[in-house]
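Have a look at this one before I ask anything.
Think of it as A, B and C in the order they're written, each chain with its own count starting at 1.
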């Protein structure tokens, strides 16, 4: 364990790099998936194409994507941009589907009510549909965040330095605590970001935490009651 | 209905996040990790030092980097860029200026069919084979070349001293090494062509020495500066038919910067002996010191 | 698309399909690791998931442990286990890594499957005099099957995509041409290997989609509302997790 204590600087620097690379990909994946998911949900004809198409991206092995993407985009394979774009691709593979699922979960009657109140499509999306789809989208975002942070480590195999460095360097030098430090640091960052997302979700969507109380009070009412309330 | 309130909070955060993302892209441009290219010779003396994804190479790169910093250069480190095939394009297009290299392997990269084998021949040939934009500075005495290595016991049991002797081994030969060895001129194909010895190949990668010791392979492609040759009692087989090229440590640099860099790096190469390199590696794997500490200590006692 | 053409000519070169590192052998290894890991994970996670779903207890722990398991990077864990166990135990290290990867999806599939069942159905079964064991075996498990198969589907896709890193520690699989090509800058090898992995994942995905459709109990198929409709191929890896939340809301609604 001495190795970890003596190299806290290195671990910290790598962790920051790692976090920065991951956050860009998570944010980009999230922001791109919203319009894409919305379009797929709104226009039935696009749906199969977009959902299946982005989902298919997940089957590409990450190492291969990191190598092939530069050939397509003209970026340098060893650049951080290459890793971030690759991670964004995987984020999209998870997120687009979740946005569609989330929008699907909005009760059509709620939507009708909003329309009846005079909400136009844009305002209805921002004020009604998106917030109501929020919990499902948040769940997707949490999965995306955790898997992106863990996946980013393969960047080291093409020369993008982050916490993955501790894996390959530790293996070459046979320093077990070095590899262990990498695994722990990645897991900690992932859990930390996950926690922040949960807290952000509670803050942005206070009604999701209020629900259980309401549900308890309404324990004996018919299931349909919730839907029509 | 509390929609409007929610909308403001969720909506504004979303908008803010979007703006930050966009602003970030434009301003600080964190995606642009590409080191500045082209006119790196003049203004400000910024140089980019690269290294392979190999701990020993990283130590040498760090020595170069620190020495250059002491000499007043601004140094950018672009370490751990995998194999030669990965970073050579970066070196050729000028996004990396300096790379610690190994003469033989580098020559074979440019001239797979080269016949040069001895240290000085290889160095001379390399000078000719390099693209015009690149140059090599003085080579060090230290070498870290590929070898075919066996355990002491395997060598004794089969009376092995050279690669030729492998023909006497009755059991099946399995050669362990990095995955790409399968395609290298000195890999299993070269072994068969040069020595007439056929061996199966196993992509043992970073655990080649462990696999050799554990017996999952009986011949390993081990670098000669690996400290474990000594600590694990391994035997480096002699190479009478010169399958491997002498491969001394040498800085490869942008040609138009070579004079400036030579003044700093040639004295370093002059002091980097074979024992010194193994000692640096021991400090990394056994004493578990960081490349930074190893480099500064070595520079402190060698300048 | 020269790149693609190179990859295809590499793939169709007979030399790739013979010898010690024939693609057929690598494909076999890849499938073997996927199958063993998912099967072991299923043996661990399904009974556990059913127990959680049936009793309604331990869910918080399961969610926490799954979250932790998802946060562990497979690549690092594999290297750590190889270093700890030694090179003679590389296969075991790989299997443990992939089992850990597969467990969260399967576990979530197992308990959300049970939780998604309308409480009234289970109350009806209880009223008919079924024992707890019968309720589990005859009502909960069959009705929860589509979501369980969905969890297995996610797990298989995830493991099949991740087994590519096994080549990094010399365990073969379709990652071998990718890693070799990576170091040699041989794009035809990299892309060829990647195409094979993607094709394999697609085939597995289609098979599992079919299995998921078949897993809806016959009585429910025509008027099916319980089972999710067969979904398009290539869903995100951890869909079971989002389904989980989705189901939470359904569950709450049905329970109130």
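Just so it is clear, contacts are C-beta pairs under 8 Å (C-beta built on N, C-alpha and C of every residue); 3 or more make two chains touch, one makes a residue touch a chain.
Just so it is clear, the model here is predicted, and its values are computed rather than measured.
Colleague: Count how many hops through touching chains it takes, at the least, to reach subunit B starting from subunit A.
Modeller: 1
Colleague: By the contact definition above, name the pair with the higher C-beta contact count: B-C or A-C.
Modeller: Looking at contacts between chains, A-C has the larger number.
Colleague: Using CA atom averages as chain centres, what separation in Å is found between subunit B and subunit C?
Modeller: 38
Colleague: Between subunit A and subunit C, tell me the centre distance in angstrom, where each centre is the average of that chain's C-alpha atoms.
Modeller: Averaging C-alpha atoms per chain gives centres 19 Å apart.
Colleague: If I count partner chains per residue in subunit B, which residues reach a count of at least 2?
Modeller: Where subunit B meets two or more other chains at a single residue, that happens at 82, 86, 207.
Colleague: Which positions in subunit A are in touch with at least two other chains?
Modeller: Only 157-158, 168, 171, 174 qualify.
Colleague: Listing for subunit C: what residues touch at least two other chains?
Modeller: Touching at least two other chains: 82, 168, 179, 182.
Colleague: In their complex, what parts of subunit A are in touch with subunit B?
Modeller: Of all residues in subunit A, those touching subunit B are 2-3, 6-7, 10, 20, 24, 27-28, 31, 76-81, 84, 114, 126-128, 130-131, 134, 156-159, 161, 165, 168-169, 171-175, 178, 200, 203-207.
Colleague: Within their complex, state which residues of subunit B touch subunit C.
Modeller: My answer: residues 82-83, 85-86, 89, 178-180, 182-183, 200-205, 207, 210-211, 214, 216.
Colleague: If you look only at subunit C, which of its residues touch subunit B in the complex?
Modeller: 20-21, 82, 86-88, 167-170, 176, 179-180, 182-186
Colleague: Residue numbers of subunit B touching subunit A in their complex, please.
Modeller: Residues of subunit B touching subunit A: 3-4, 6-7, 9-11, 13, 17-18, 21, 30-34, 53-55, 58, 78-82, 86-87, 90, 95, 206-207, 284-285, 288, 290.
Colleague: Where on subunit C is subunit A touching in the complex?
Modeller: Interface residues on subunit C, with respect to subunit A: 3, 67-68, 70-77, 79-80, 82-84, 118, 157, 160-161, 164-165, 168, 174-175, 178-179, 181-182, 187, 190-191, 193-194, 197-198, 201-202, 205, 232-239, 241-242, 244-246, 249, 252-256.
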